[in-house]
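Pasting the structures in now, so scroll down.
You will see two complexes here that share chain A, one where it goes with chain B and one where it goes with chain C.
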Partner chain A sequence: MSLLEIRSLNAGYGRVQILWDVSLAVEAEQVVALVGANGAGKTTLLRAISGMIPSRSGSITFRGREIAGAPIENIVDLGIAHVPEGRRLFSGLTVRENLLLGGWRSKNGDISRVVELFPILGSRLNQIASTLSGGEQQMCAIARGLMSRPDLLLIDELSLGLAPKTVDEIVARLPDISRSGTAVLLVEQDIDTALTVSTQAFVLETGRITRSGPSAQLLADPTIQQAYLGLAPG
Partner chain B sequence: MSSRGPQSVSSSTDALAAILQGRQRTGREVVVDWVRSRTLANSWPALAGVAVIALLLGLQQLIEPGTMRLLSAVFMFVALAQAWNIIGGYTGYASFGQVVFFGLGAYVTAVLMNNYHVSFWVAMPAAILGGVLFAVLIGVPLLRLRGHYFAIATLGAAEGAREVINNMTPVTGGGLGITIPTFGDQAPTAYFGKPGFYVAFLVLAAASVAISTLLARSRFGYAMVAVHEDEAAASAVGINTTVVKVVAFGVSGAIVACAGAFYAFQQIEFYPTDVFDPSFTVLMVIMVVIGGSGSVVGPLVGAVGLELLSQFLRVNLGTYNQLIFGAIIVVVVVFFPQGVVNFFRDAWMARRFSLLDNIRRYRL
Partner chain C sequence: MTQFAQAAAYGVVQGGLLALVAVGFSLVWGIMNVINLSHGAFAVTGAYVAWLLNQHFGLDPFLAIPIVAVAMFGFGYVIQRGLINLVVNAPIFLTLLLTFGLSLVILNILQLLFTADDRTIDTSYASQSFVIGTVNVPYGRLAAFFLAVIITFALAALMTRTRLGHAIGATGMDRGAARLMGIRARHIYAVTFGIAAALAGVAGTMIATVGSFNPTTTPGQLTLDAFVISVLGGLGNMYGALAGGLVLGIAESIGGLLLTGTWVNAIAMAVLIATLIIRPSGLIGKAQYGGRVEV
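Up next is the complex of A and B:
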């Protein structure tokens, strides 16, 4: 049984359907990439998993339990944390307060583990979150997500607005996170990065899963290279 | 950037972490921990509060009844400003109809005491309960709105409630007003008189400051601030934002309704237009904004400062007092857009006291 299993999910906003018959699985302690172009529905899929938008039909099971339609806080309790697109830190609060609010629901006040993962945050604890650099903000957002000690971390658009070097630095921590018991579902437009760090990957196109498989295999696939990496055929 | 040793990091995290965790402790542990954690450094606000209350009670022996009445109004506005700050400051939902709880509290008290000859000490808790129930009733739908929409909706709710009371003539007396019996055998509770109301409003103000302080330092207080900062992010970390908003609205409504109950008894006779007067809401907003929202001291300073100023101008300037009062408010807002208390706190921390910088910083 997979950690997260989505079967024939349909979801959207109001009368607009975004996701069509999406099926996907994330195994425990793995980094899984969800890639695709702008507007493919990647963010919508993450929002459906974490309960921020309702699903219309299909099932989402997490650790064998149906979570489609469950309130967000119950999904957090079950062990899913969502790092939203654009970080969404509590910008007027300090780094420490942001981290502790990440553990608000689970009443976890131990920040040592996440500070170990991102040591730079340790020297920024009393700093107001909005004064951090973009990379530090992303680290803070991921660390805040980890504070609920989730089994699955959903990261939306990790590389948004960050320098390539900073992205590499943060992405390098993802295997550590997954090895320590928190699987990662990474949504990324930077397909090269996403397929390199992950073991499994799913390609979303206009709301449908069109390809899936081991990341290395997809990375070597000429059609993927052509469509997303801008490499010339042949 | 300050680089801190691991020692100082962990120790300063502990207190906050303990609050956010809300660890399950026995009553005995809570008391013992609390007593042990007391030092002069963290007890001085409470000690200062007790000293101020003692001082004000002592002052009462020295002043005339007229001055007591004036200070009673100051105390009432302290409570109203603290109440508004809970929903408008900490939680970030600027209500422009908070007077609705004031009017409801006043009318629940007056109707119970006049129509049913119920004691004030029964009517007042009933008024608080009424405030909470009404807050839940209108809070659940209205707190889904944000910003201007929430402001307009709450304003409408208050205006609407006044009209309902106005037209329930058989029960409320409608536009003819209502009178609480205070003489002889007809009085359900003996009238407090000016000295009595001085103490009553002082207790109300002290209670509202204490409630705000406890709320701000609690796990729930952090949830309110998180909702204010970023509601989507707050729900992403598992905070039930609807519950947080409705509870904050309810606590605020309860305090305002309690103030309305005391005000009704103090006034004896009043009309719907008196206790549903939108200028009560406006004053609450101005006091919190000028004092500094999102803190306990800000609304306290704003309420005391503005009410004293307003009374001073009324006594000394006659006809033009409102004009001057308004002009002073405009000037203060221009110079201290973040609130007087927040300005001095930030200036103290940065060791920079420049008003010009402050105006530039907020691009006014």
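Up next is the complex of A and C:
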């Protein structure tokens, strides 16, 4: 049984359907990539998983339990944390306060583990979150998500607006996170990065999963290279 | 000159009470973007609770405060959970309509129960006072003023120093992100609304002790004052509400010397318009609850 298993999911906003018959699985303690062009529906899929939007039909099971239609807070309780697109830190609060709010539900007030993961945050604890650099903000957002000690971490557009070096630095922590017991579902437009760090990958195109498989295999696939990596077929 | 000093002193005390009415109004506006037109009705409801306790049990209004606060917190919580939550995401026009309607219902019930008569809570110390220079300061008013200031600071401390306060602030900044932390936004909204109602009730009790109230003119006046003070002080800004309350209290009090009768009511509007022209972000500025993001 997979940690997260989505079967034939249909979802969208109001009357507009965005996701069509989406199926996807994430195994425990793995990094899985969900890639696709802008507007493909990646964010929408993460929102459906974390309960921010309702699903119309299909099933989402997490550790064997059906979670489609459950309230967001209960899904957090079950062990899914969602690092939303654009980070969405609580901008007027300090880094420490942001982290502590991440542990709101589990009443986890121990920030040492996440600070160990991103040591730079340790020296920024009393700084107002909105004054952090982009990379630090992303670290803070991921650390905030980890504060609930989830089994699955959903990260939406990790690399958005960050310098390549910063992206590498943060991405390098993902295997540590997964190995310590938190699987990662990483949404990325930067397909090269996503396929390199993950073991399994899914390609979303206009709301449908069109490809999936081991990341190394997709990375080597000429059609993927052509469509997403801008490389000439060869 | 004495006359002005006396009016200023009176204005400061009155301003403290108005600030206590306004902090909750400002908090609700800043956190959930709801302009609660029934806020004045909440204050008057609290005043009636204290008045009843005084009439039937001879309870001192200052001792009645905890009871009023708890009762009004519960009332506010339920109203938010059951009613206002329905329109929290709706266009502002709908929330105005709903809270205005709620105000009418509350005030009509109060009027049926208690008539439209002016009421006041009499205390033995109401007429006792001391003199500074040429200014007469009643003890009751002074106590009410200090209580209002203390409660305002306590609320500010709650918001900036406690886990609950941070959760309230976070929900105000970005409800969707707060929910992703597992923060129950509906509950947090209801708690926020409950706090606002409790503070309004306490302020109403104080107003009933140092002056008088009725269910017809008092609520509207208080809601208007709370609105003006919130704009003046910056939305959701507790200290701003305190400063705004003092400014408005003094302005109305001194204006009362210079203007006759109903013209005093125009002072609040004049202060509002002046604020919007000169400093639309308020005296101290909006608290950090801005930039609401949906989903």
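In this section, the second predicted complex is superposed on the first by the 234 of 234 C-alpha atoms of A that agree within 3 Å, B and C clash if a C-alpha of one lies under 4 Å from a C-alpha of the other, contacts with A are read in each partner's own complex, and residues count from 1 in each chain.
Assume a contact is a pair of C-beta atoms (placed from the backbone, for glycine too) under 8 Å apart; a residue touches a chain by one contact, two chains touch by 3 or more.
Owing to the predicted nature of the structure, the values given are computational and were not obtained by experimental measurement.
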item: Simultaneous placement of chain C and chain B on chain A, clash or fit; value: clash
item: First (chain B), second (chain C), both or neither touched by A:50; value: both
item: Contacts of A:20 with chain B and chain C, given as first, second, both or neither; value: neither
item: Which superposed partner A:104 touches (first chain B, second chain C, both, neither); value: both
item: Which superposed partner A:77 touches (first chain B, second chain C, both, neither); value: both
item: Comparing the two partners chain B and chain C, which touches a greater set of residues in chain A; value: B
item: First, second, both or neither for A:88, with chain B first and chain C second; value: both
item: First (chain B), second (chain C), both or neither touched by A:144; value: both
item: Doubly contacted residues of chain A, that is, touched by chain B and again by chain C; value: 50, 52, 72-73, 76-77, 81-82, 84, 88-93, 97, 100-102, 104-106, 144, 148
item: Complex contacts: residues of chain A adjacent to chain B; value: 50, 52, 71-73, 76-77, 81-82, 84, 88-93, 96-97, 100-112, 115, 122-127, 144, 148
item: Complex interface listing, chain A residues touching chain C; value: 47, 50, 52-53, 72-73, 76-77, 81-82, 84, 88-93, 97, 100-102, 104-106, 144, 148
item: In the complex, chain B residues that touch chain A; value: 1-4, 6, 9-10, 12-14, 16-18, 20-23, 219, 222-223, 225-226, 229-230, 232-240
item: Complex contact set, residues of chain C against chain A; value: 163, 166-167, 169-170, 173-174, 176-184, 287-289, 291, 293, 295
